[in-house]
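Both complexes shown next keep subunit A, but they swap its partner, so subunit B is in the first and subunit C is in the second.
Take a look at the complex of A and B:
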């Protein structure tokens, strides 16, 4: 029997899952779209992974990360629930122990993690707006009538990227519409957009941080070849994109699940669990907290959102 | 009959209410503490890009007016805060409220005689003797509160019985509001100091110390920083905070003058920006594990200070976490970043 560990990273756009063994080998992995329903996505993903898991593997630990980590952590009865910053750093360090900078652009947020001798020394995350994240790129792809998967290929075709305002999505979008209407080539506009994502990231998230090599770029947007190209061009350094880059958070949390294992064996039979959430507004005081009660098999297991601690 | 109201900031409504009731002999209206409703009212009636303290205080003032207040007290700081009283007065008058606005401090420079003259307008009968006596008594109360508060901040994370510090503090504030003279105040202070020391704490040999710096309102009003200190305490972190009323009223001027030469700044940068750079250097020198800088969104002096703070800290290899709070900030995001900050501290210590 082989001990294995499941890591699930539930992001705003996609849900990633991976099962690793004691030597950090990936046994199975997959990712599916979250589509606004993290528990459904996680259930589906875990079932997929379970079907593909070799007979001789037993799950000894489960970890969840990403924006729905708490909820899915309850669903899967995870032994560790951790934020995505730590998970990404741990995951990346497993494969690149000497990494100094992690650039990460996901669906809804972007972050930079600075490491030294294998430990995080500093990090930052976008605060106020979602400028230059995956969500913005995919909405613009739709506007331009191309598939988000072809975005990078289009960008690479351009010889003359257009300048697009890099600060704010609202400005970027009106700039983009304007450039399209006056007749710039589509690939030039797309290339310009990719470049503006890079500049925006460096100006906002990475502001004041010293970016040292080796640099690793991950998150959904790292699949976009155009953005990768402009990161290399602007930073004038090599930027590594791992083919498992999108899985790093899930791998990291699986590693953490192994480190924090409690000796329990998990079954992964999640299909039959009845998992429900009920939302209601508390009218106890003028805070009007939005309470979310979580039921597992009709049993109340947790509730979120209360400010006073009554629930 | 004059009914006075003022915005909340931390627990300082206790001494403020005490002073107004004792020295002026006026009634004080206490609106409910800042809740979501307060924020909503404030948000609705404020310019969108104003710093968030404006929104919080405006919300409280409207709630107070609804409860029948007819005299509002505001203070002015050395930044945009300096215009709060005037702009809020205009907004509230446009909303149709009838009241008088008194701005006790102009431009962030407390002036004893000026305050007296302004209070005389509210309560013409106030004698200079009463004003001075209760002025000093209230100041002393504030100083005592701040001393206890810093003890709490150092120890609350390690309390054995959950909530013991908070409930004792509530009792203390209640008792403080009932005193009549210096002797009673001093007795109460000594009593509670002992009581706080008696509360059982278990400090491990190895714990993290974090300094909190930044813009004054967001630091001092827990509702506006999403109870950051409480969150940190949950992670067993000892907190050092510089900004409190004692500092702003009595120490700020001397502190900046004395220490500005230690950091490489030639000119003062307005509000607490210079102070925060000096504090960053101090926290680095004292080997703190990390620094958390908090401000309200659009706080200009702090925005100017941030690159310098970031540079000073990275030169000293101390991590800084920057938070910019607005009334629309999502709490989950705050918790994610704090959790990562804690993990980072742990990783750094273990190496």
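Take a look at the complex of A and C:
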């Protein structure tokens, strides 16, 4: 029998899952859209992975990361639940031990991680503004009537990217509509958007941090060839995009699940678990906390959102 | 006797010991508004104009809470503590804004060193307005000042003592009305303490020292509290593991000063900007990963 570890990264847009063995070989992996329902997506994904898992593999650890890590961690009974920054760094270091800079643009947030000798020395995350993240790009793709998957290919066609004001999503959108109405070519506008994502990222997230090679670009937006091209152009350095870049968070949390294993064996039979969440507003004091209660097979297992800790 | 209401925000965290002791020495009844809750925040949001910072919106919520529970609301005006120690525009305009928005009696004094308006003069003014016997005012002032100074000294010595701790130490750089507010900073401090972090506060150092030290980062700084905040980083830099910049949205001085400081220090740091929609989930991700970074560095 072979010991294996499951890592699940539940992001705002997509849910990624991977099962690795003790030597960090990827046994199975997949990703599906979250579509606003993290527990459903995680259940579906784990079932897919389970069906594809070779029979001689046993799951010895489960980790969850991403914005729905807590909820799905409860669902899967994970032995480790960690934030996506740590998970991404651990995952990337597994394959690129000498990486110095990780650029990451996901569905709703973007981050930069600076490493020195395999240790995170500094990082930054977007603050209030989500301009230039995946969600912004996909809404703009919809507006322009093209598939988000074709976005990069369109951008590469352009010889003369249009300048788009990318300081803010709202301004970018009105600028984009304006440029389209005046008659700029679609591919030039798309290339302009890709370039503005890069500039916005470097100005708002990376601001002033020294970006040293090797540089790795990951997260959903790294699949966009246009953005990759402009990162290389603006930084004037090589930017590595791993074909498993989108899985790095999941791999990282799987590695952490192995390091923190508790000797338990997991079945991955999640399809039949009855998992429910109930939200209500607490009227106990004037804070009116929004409580979220989590039930597994009709049993209350946790609740979030209470400020006073009563629930 | 007339009752005074003190809003628990903005000025409160600077002058509470002076004002509260002064009033109780003179046997003037007063109430302090409760810790910020959702109702106070929502009232503040309704009253404020969009451009005001979250902290000031909350302040207006506190005034609203007090408006029919007392005879006077205490709203000072703080302009400067000397020409190179300016206050932010909210501190200067609070009196006028409150006066325009509410139909209440305001107890006010003006701190403006450039025009020779000092604290002593201000406190004497409000005591006279409340018709206190003039013989008692001088003593009340002395007691208030001593209480304030003693408290400050204690806070500083605790803060300095915590710097010697072996735990992971994080310096919170922010204005006291944000750091200690229940809606803004409390949940962050609580999270850090739960995770075995020693929290060091930027406002609990000798302000004369930190004020001067800020020159090492920039000589062009204008606001008193910005200077003291970043001076504290220079003061503590060899003893702390990380820095958390905490501010509310939108704060012009903080946005500029944090930016300059982040670029010139080589201590791991994060910048947390709180607005009225902030959920703790987003903050938790940032705090948890920041702690992971600091722990790894410490173990290395």
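In the analysis below, the second predicted complex is superposed on the first by the 311 of 311 C-alpha atoms of A that agree within 3 Å, B and C clash if a C-alpha of one lies under 4 Å from a C-alpha of the other, contacts with A are read in each partner's own complex, and residues count from 1 in each chain.
Keep this in mind: contacts are C-beta pairs under 8 Å (C-beta built on N, C-alpha and C of every residue); 3 or more make two chains touch, one makes a residue touch a chain.
Just so we're clear, the structure is a prediction, and the values are computed from it rather than from any experiment.
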item: Combined model on subunit A where subunit B meets subunit C, clash or fit; value: clash
item: Subunit B versus subunit C as contact partner of A:260, first or second or both or neither; value: neither
item: Touched partner set for A:210, first subunit B, second subunit C, both or neither; value: first
item: Which superposed partner A:285 touches (first subunit B, second subunit C, both, neither); value: both
item: Which of subunit B and subunit C A:119 touches, first, second, both or neither; value: both
item: Touched partner set for A:84, first subunit B, second subunit C, both or neither; value: both
item: First, second, both or neither for A:138, with subunit B first and subunit C second; value: neither
item: First (subunit B), second (subunit C), both or neither touched by A:277; value: neither
item: Where subunit A meets both subunit C and subunit B, residue numbers; value: 67, 82-86, 119-125, 127-128, 208, 285-288
item: Subunit B residues within the subunit A interface of the complex; value: 32, 35-38, 297, 306-307, 310-311, 314, 317, 319-320, 322-324, 326, 332-333, 336-337, 339-340, 343-344, 347-348, 350-351
item: Complex contact set, residues of subunit C against subunit A; value: 37-40, 187, 249, 259, 262-263, 268-273, 275, 281, 284-286, 288-290, 292-293, 296-297, 300
item: Partner subunit C, residues of subunit A touching it in the complex; value: 67, 82-86, 119-125, 127-128, 207-208, 285-288, 307
item: Of all residues in subunit A, those that touch subunit B in their complex; value: 67, 82-86, 117-125, 127-128, 208, 210, 285-289
